[in-house]
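One structure is given below, represented as structure tokens, and several questions about it will come after.
We call the chains A, B, C, D and E, going by the order they appear; numbering starts again at 1 in every chain.
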Amino acid sequence: MNIEWYIVLSSLLFAVGAGGILLRRSPVVILLCLELMLNAGNLSLVAFSRMVGNQEGQVFALVVMVVAACEVVVGLGLIVAIFRRRLPLDVDELRELRG
Amino acid sequence: MINSLLWTPLAFGLLGLFLPRRLAGWWATLGAAVTLGIAISLLAGFDSGASGLQDTVDVNWIPGLGVDYSLGLDGLNVFLVMLTAVLWLGATAFAAFREQERPHLFFLMMLLAETATLGAFVAQDLLLFVLFFDLMLVPFYFLFGAWGTDREYGPTASAATLKMIIYTLVGSLLMLVGAIATAIIAADGGQITFSIAELANHPVGTGSQRWIFWFFAAAFLVKMPAFLLHGWMPDAYRAAPLPVLAVFSGVLAKVGAYGFLRVVLPLFPAATVQFQEVVLVIALASILYGSVMAFTQTNVRLVGGYSSVAQLGFITAGIFALRADGSDGAILQMVNHGLVVAPLFIIVAILAERSGTEDLREMGGMALRAPVLAALFLIVALATLAMPGSANFIGEFYILNGLFQAKIVFAFVAITGIAMSAYYALRLYQRTMHNRKPEGIASREIGWRDGVVLAPLVACILGLALYPQLILHRTDRSVSETIASASRPSAEPPKSHLRGSTASALDCGRLAPCRVTWEAPPGFDPRKAVARQ
Amino acid sequence: MEAVLFFAAAIGALGGAIGVIAMRNPFYSVLALIIHLFSLAVLFLLLTAAFVAAAQVVVYAGAVMVLYVFVVAYIGGGEESAWESIPGQRLLAPLIGIALFVELAIAVLASSLLALGTDGPDVKAGFGDPAEIGRLLLERFLVPFEATSVLLLLAAVGAIVLASRRGAATGGSGAASAGTPREGEPADAAPGPSIGDLA
Amino acid sequence: MTATAWAWIALVLPLLGSVVIALGFRALPARAAGAIGTASIGLAFVCAVAALINLLGEDAGARHHASALWDYASAAGLDIKLGIYVDQLSVYMLLVVTGVSALIHLYSFGYMASDEGYHRFFSYLNFFVFSMLLLVLAGNFVLLIVGWAFVGFASYALISFWYRRTTATGAGMKAFVINVVGDIGLVLAAFLIFRELGSFEYGTVFEKAPEVFATNEWTVTAICLLLLLGAFAKSAQLPLHTWLPDAMEGPTPVSSLIHAATMVTAGVYLIARTHALFVLAPTAADIAAFTGLATLLVAATIALVVTDLKRAIAYSTMSQIGYMIVGVSIGAYSAGLFHLMTHAFFKALLFMAAGSIIAAMANDQNIDRMSGFGRALRFTSMTMVAGGLALAAFPFTSGFFSKDEILAYASARGGMYLIFTVLGYLGALLTAIYTFRLIFRILPGRPCEEAQTFIDTGHVAHEEPRNPATGEVEDTDVGFPGPEHHVAEQSASMRVAMAVLAFGALFAGFVQVPGVDSVIANFLDPVFEDSPLTAIQPSTAASWVGLAIGAAISLGGIAIAYLLYVARPELPARLQSRFPAIHTFLYNKWYFDEAIDILVVRPALAVGRFANRTFERVVVDGLITGTVEIVRDAGGIVRVVQSGFVRSYALLLLAGFAGLALYFLLSSS
Amino acid sequence: MNFVAPHLDYAGISPIIALTAGIVVVLLSAVFRPVQRTGPGLALVTLAATAGLLIWQWHDPTDLVAGALRIDDLAVAISLIAVTTAAFAVLLSLREEAAEQAGLGEYHALMLGSVLGMVLLSEAQNLVTFFIAIETLSIPLYILCGSNLLREHSLESGLKYLIVGSIGSATLLYGMSFIYGGSGSTDFAGIASGIAEEGVLGDPLILVGIGLTAVGLAFKTSIAPFHQWTPDVYQGAPTPITSFMAVATKAAAFAVFVRFFEVALLPQADEWRPALAVLAAITIVVGNIGALGQDSLKRMLGYSGVAQAGYILGGIVALNAAGTSALVFYLAGYAFMNMAAFAVVVARERETPYGDDIRAVRSLGLERPLLAWPLTISMLALAGLPATVGFIGKLYLIEALVEGDYTWLAVFIAVGTMISLAYYLRVVAAMWMGPRGEAAQPGPPAIAGADPEADPVDPEAGRRLYLAGPALLAAAATVFFGIVPQPLVKFAEAAGAAIGSLH
């Protein structure tokens, strides 16, 4: 199976994730979409690592997973804090800061 | 020596912060006086015969960037330094006699401004020059903004000042770029230096000169200000506190003209020759426009302001005649104009105190009980209109002669400015001092305080009127060297530019050889000469 | 055989992804993501990245998703209204997405790298095994490895800081400026640190 | 001591006087200023005489010396020294100026006695004399210009001496500005001279001029025309004369000194001084001559109808200067200068008399209201008649000889120059008429009320002074001549001055009688010997024929005046109603003021208004406000984009990436 | 199977070790009540130690831990800037509400963690390290921005930063993957040799990869059009954190920017230079005009930060040693200017009811000259007026740009500076030229910039040594290095020389 296929798939996933961020207003879903983008990155990393035949890409992918996890944790923490603060869970409502 | 000249004012200013309020002013005046003393001693030690710089200081300041801390005196700046010292003493004293709010800050800024201005005059490193040139703005920003007057139906002081700062920085920041470009292009991969003398020895290519020339010209023309670039002037002048305005208008405008002589002519000779006529046109426009505006203004300050525009136009024209006599006259005229405009604004302050207005239409008849004031004012007014017999006349005579020999048509246009100056200067004097006295205007004689400020300045005017040679004698050598350097690399044969670039349609160079001679010039066509009147 | 697997997984991954952004209810989005992740794991396997695939399943599907589920349950997966508050966003977002995809795809397809067209070189056995990866992590990538640990620690601290009870105790705008000690109060009367509370 | 030394002293003395008076205005007692002023001028006169004697001691050829104190402004090839040039011409002028000035100072000593601005007046007056001396003694063109401008300033200061009189200040301004125009002419001429000859020094210039300009006459013509611009402005020749009548706003001694005797004749001096150039530029010389002629006639016609006493005399001054200009331009140098001297005498005298009368009229200058002063002010009227006779060239008075000498020369030169003779005599006729118009209107007849009061009380009429022009009440505390104003009859000093001048006016002519003697000519001719025109000399016979015609015309004119104003006083009115157009035309002074107003003043002001109201607002400020607007709008855009929606931030971010990626894709090989 | 442990140069990694240890200690301090309030002290000690160790490593470039890191003068310089900034931030955080909210231990631990990330980032020369470091830098900041749980602004800024930041990271990651794929290596050196090969050079894969990574870095350094988070986050975050972010993040990100683009991507320079130049120009314009008329000082400084980033980017565009030096010099100077400004803002926030609104500094010149001067100097310096380090910095940048044949960008810097005067001097005017006599009396709290809770918590804050001290210190440094720039120039030159590939 050509590597190209994997990469194109990953870029498609990347685009989908990006589109999701642009379209959804619930912070939770936005976090999910970020996961999508990172995973797209992972996919291409692994695919490339297969292509060039060294495993650095795979290691990189692992690291990315951890990072993603951390971002999720922090993100969810913020969401909880916002929820506790009785603020709407809608990124469009959070626009005190502008101009 | 020159170091002490430069830093004395600032030192005094900083020490002044630790003195009680009422002493601040006097301390500052003392500082200005000491500076003047140093300046005088420098002038005394000045050797008019020697060529090149004197009293030089040259220290590697930022070797990493090729910037040196190098100062020096020569014929071009020695008298501008004197002018600065004199006017600052006058203005500081005048301010010290009056109650200032936040005196510490005020006088600190005054003296900082003096240091910056002196720096701009004595700097011999291109970048140091630019640095001081910009630094001058800072203190004046505070002085104008914080002690200025907000106008009833106009911008506040700080707004007007902001306008001025941005406007003037437009030029000087481009100048910064230009300066750096000059140095780097000249270095051509080698060790970068900003030393003006060095750069003058290896001028950059004509192509680069063209745009760099305008970057510098922008800075200088705005500073003067020249026609079309004077938009900041009216508001700023109306806002400024008068003692500050006296030095501002008296000295700072000259830095621009001085810059042309010190930087542009030596560094960008080819471009200078190429754009001579463009600049001359701007200069003429300034002369005519400034004069016309001056005699339609009703605000006393603006009469002074626009007359300065016209005067600076003359000075620029003199420099860009690209003849030694023109530039000699220009320098002389810089000093003269400084010496007349500063007292003028001080007098305006005095008049405003008596009449409670700065509107010409509401003044009048003040001469009666104030003969001394009237006399001083009259002298200043006559000097302003370049009365023959005043040094100003000699200045303009040299300028116009240079222009006449270089570009005869420009001379004919420029000289009409003199007629107009006669009108607006006398108008200023008459409308305030003569005619019927409106109600509620006090015709009071000036007190000894203002007397001791004004009298010396007027004395300087009279002294120079008797012996303008004092300046011409000392500037001539440096000027002719500068002019010569401006001529060197230009494409056309040497000296030809003295009569203006041969490209010019208005070229009158043919009509007479430039060297002083009385053989009948070949192919003289007098119809032109007469028709041009 | 490989192709079939690939396409199956690819469809799964893509479907999951689209599900994530299409579902109105966050809860379903989470579930959709889980599908996506599993399919990705399959793809990793196809790319002979066994360890990565395993990690994918364990870390993500195992840990992270659980966290998601809890949070969604906690805040209540309210449906998101279809109302779009930013003018043009509805229109532009898909365009941007498509543009991104097209550009990335072109970058890949137009690339002159021959290797892209292949299945990649033959690799020795054990490529992507835990042992190999572990060696790399401890030799060449020691620093990232250690760094991740620190990062995890910090993230944990962050989570505590953000989600700690202090916020709840003073939840709502009721208690202004809690935590700033008032004059006179002993300094340590300020709310205690959260880790201490947890311990 | 040498002549130059004496000249220097003569030059410095008035300046000294002026400065001393100016500085001591608080310290000095009331009359001291007058004394100092008069004394300094008197001494200057003595020095002038000394210089003359020195000069006469040398042989005629070597009677010219240059002397310089220091380098005034010498750099870059320009060589300007603070130097004077003493020769017969300058010494002659020196004598005339100091002499007449001394007398007028003496007159003012009494005349201004009651004036608040006594010190100021004498300080100015001395300064004027200094300037005038500088003008005549200057050794190079730059100093000449300096003196030229100084006299202009002095005249400004003295015209607007009563500076709360708006008419006075206005007139001063007018005079000054017009004179500056003249200065500009001189300056340009100087530049041109420098370019061609490389020097400003008289000696060098006149020496080199012939060879240099041998080939290009046009340049020298240009130079001369520029010089003439200056000369005409100063000497009130057409069309730059309009300031002179207004200048009568000044105190009468000023009118008599500056605007009759000395300053206004500077133009004549200039042409005489630079005759070396005019010889080379005949065209310019002729232009000068014809302008002089035109002025002569125009002024004379106007003088026939004006009703303001001083203005009438002013116009007569213009016309007399016209004679002099004609003289020096066509080559009758010594004649012109001779007329300059005699004119100084009788015209100064006339003004003094007029001043005395006006004082008696409590500053009313309208001759229609005057009459019968013959009985009221005997001395004044006697002197006035003396001056009038001289002006009307009554046989054997000074004016008789000097004027006719010019005309005789013109006829002797022949050709088109006969025009000058003919029209000159016509002018003479008019002169006689308007002169005696004044005399007959003022002196004989039943005394008007002011005259009556003077006869009765021996004091001038007390009245609240009003400005005759505007009718506003004068602001007397600036030193407007108060009621107890002096007339000659009451002040010895005035009488002395007038007596001396009257003598001069009547008998000064005898120094230069054709065939008998020619003191002036003999003295001056060496200066002009380089001019070929001096060769032309009218024969004694011709001169006497001319004198005879002149005498006839003069008497005829007086007769006509008698007919019109004494025998048949209703005639003038009838003439007026017969030729109303002519009368209004003359009465409005040929509409010169209006023309200048329309051609120069209004346009200038219009331009100013445009620049001020429109250009400054639209263009200059527009430059700034426009930029500010643009920047501000751009800022607005940035703000709008910064909407606070995190998703739109994301959108922009990704869009930015899309753009960047596009660029890279395109730039990829 | 055999396992070869990599050689560890403990001297080289000592700063990292120190920081890590510091984090742990500070965290522990939070656990035990008696030492709870020692967090700041411990943090300062850690930072001091780190700084000491960094200086120890000055002029001693070495590769560390199997080439994952490289400590050279550039790294040391940037790390020092980051550490100094952090120390300042710690001082400003004293008695800061956010710190109390988060708990002193956690708060400072997170800050140290971010510093660790910066140090790693400035030393990274491997994609993996690069990525993990940039995350270690960011994630604590996300938390710290949101750490003031009581202020909605704080939370909002935290979330915004997190979301946009994560997009940035994802983009960066994706770009890295492309570059890895194209070059087959994760080491910068390997990448350089990999993409320099025939056939690979100019390959769309690589170039798009560059584009993606550029976006990621541009985001971190707030280059337009990826800057939009900056004003919002700067305004919303607790001010000490803002001050920390404003300089340190930029510094670290620019460090890796330099390393990555001037080492790894050097072969493609002809492609990315123009792109970056255009980005710089856009940034300068957008930042400057955006800052016009902002009433919130923090927001204004945010925009100004954007503009400054544009100037600094010029140092990379110039692509010569001078450029890198200029970049380091400017960052160092920028640190001082910002510190002075932010210290004053913090003080006024606590003193007045106006929060960070410009009214908070009205007629400060009369009230608190000791605060007014630092702010004035900092504003003038940011505006690049002479006798301040700002002027020299601009001079340095312009010189580098002209040398690198990017004079037009230099002109842009000049133009931007002109515009910037309008808003910098506005602050100065408010301080010194406010309507006469009318001081900022505690009136109704402002709407814009300050929020309802922001009533004065410490009316004497302006006199506190831990606020006035840093302000004056930073201002003094700003002026000093404006007049005696040579030491700082030397420092920058050394850092600039670190990138050998440019010679």
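By definition in this document, a contact is a pair of C-beta atoms (placed from the backbone, for glycine too) under 8 Å apart; a residue touches a chain by one contact, two chains touch by 3 or more.
Just so you know, these numbers come straight off a predicted model, no measurement behind them.
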item	value
Chain-contact steps, minimal, separating chain C from chain B	2
Chain labels contacting chain C and also chain D	A, E
Label of the chain whose CA centroid is most distant from the centroid of chain D	C
Chain pair with the higher count of C-beta pairs in contact (B-E, A-C)	A-C
Most central chain, judged by mean C-alpha position against the global CA mean	B
Cα-centroid distance, chain A relative to chain B, in whole angstrom	65
Mean-CA-position distance for chain D and chain A (Å)	97
Whole-Å gap between the CA centroids of chain C and chain E	27
Cα-centroid distance, chain D relative to chain E, in whole angstrom	79
Residues of chain D touching at least two other chains	639, 642-647, 650-651, 654-655, 657, 661, 665, 668
Multi-chain contact sites of chain A, meaning residues that touch two or more partners	7, 14, 17-18, 21-23, 25, 47, 49, 51-52, 56, 59, 63, 67, 70, 74, 77-79, 81, 84-85, 91-92, 94-99
Pairwise chain contacts under the document criterion	A-C, A-D, A-E, B-D, B-E, C-D, C-E, D-E
Complex interface listing, chain C residues touching chain A	2-3, 6, 10, 13-14, 17-18, 20-21, 26, 29-30, 33, 36-37, 40, 43-44, 46-49, 51-52, 55-56, 59-60, 63-64, 67-68, 71-72, 74-75, 78, 80, 85-86, 89-90, 92-94, 96-98, 100-101, 104-105, 108-109, 115-121, 123, 127-128, 132-133, 136-137, 140-141, 144-145, 148, 151-152, 154-156, 158-159, 161-163, 167-168, 171-173
Footprint of chain E on chain D - complex, ascending	631-632, 634-635, 638-639, 641-642, 644, 646, 649-650, 652-657, 660-661, 663-665, 667-669
Footprint of chain B on chain E - complex, ascending	325, 365-366, 380, 385-387, 391-392, 394-396, 398-399, 402-403, 407, 410-411, 413-415, 417-418, 421-422, 425-426, 428-429, 432-433, 485-486, 489-490, 492-493
Parts of chain E lying in touch with chain D, wherever the complex brings them together	159-160, 163-164, 167-168, 171, 201-204, 207-208, 210-212, 214-215, 219, 225-226, 228-229, 231-232, 271, 275, 279, 285-286, 289-290, 292-293, 419, 422
Chain D-facing residues of chain C, complex	85-86, 89, 92-93, 96, 99-100, 103-104, 106-107, 110
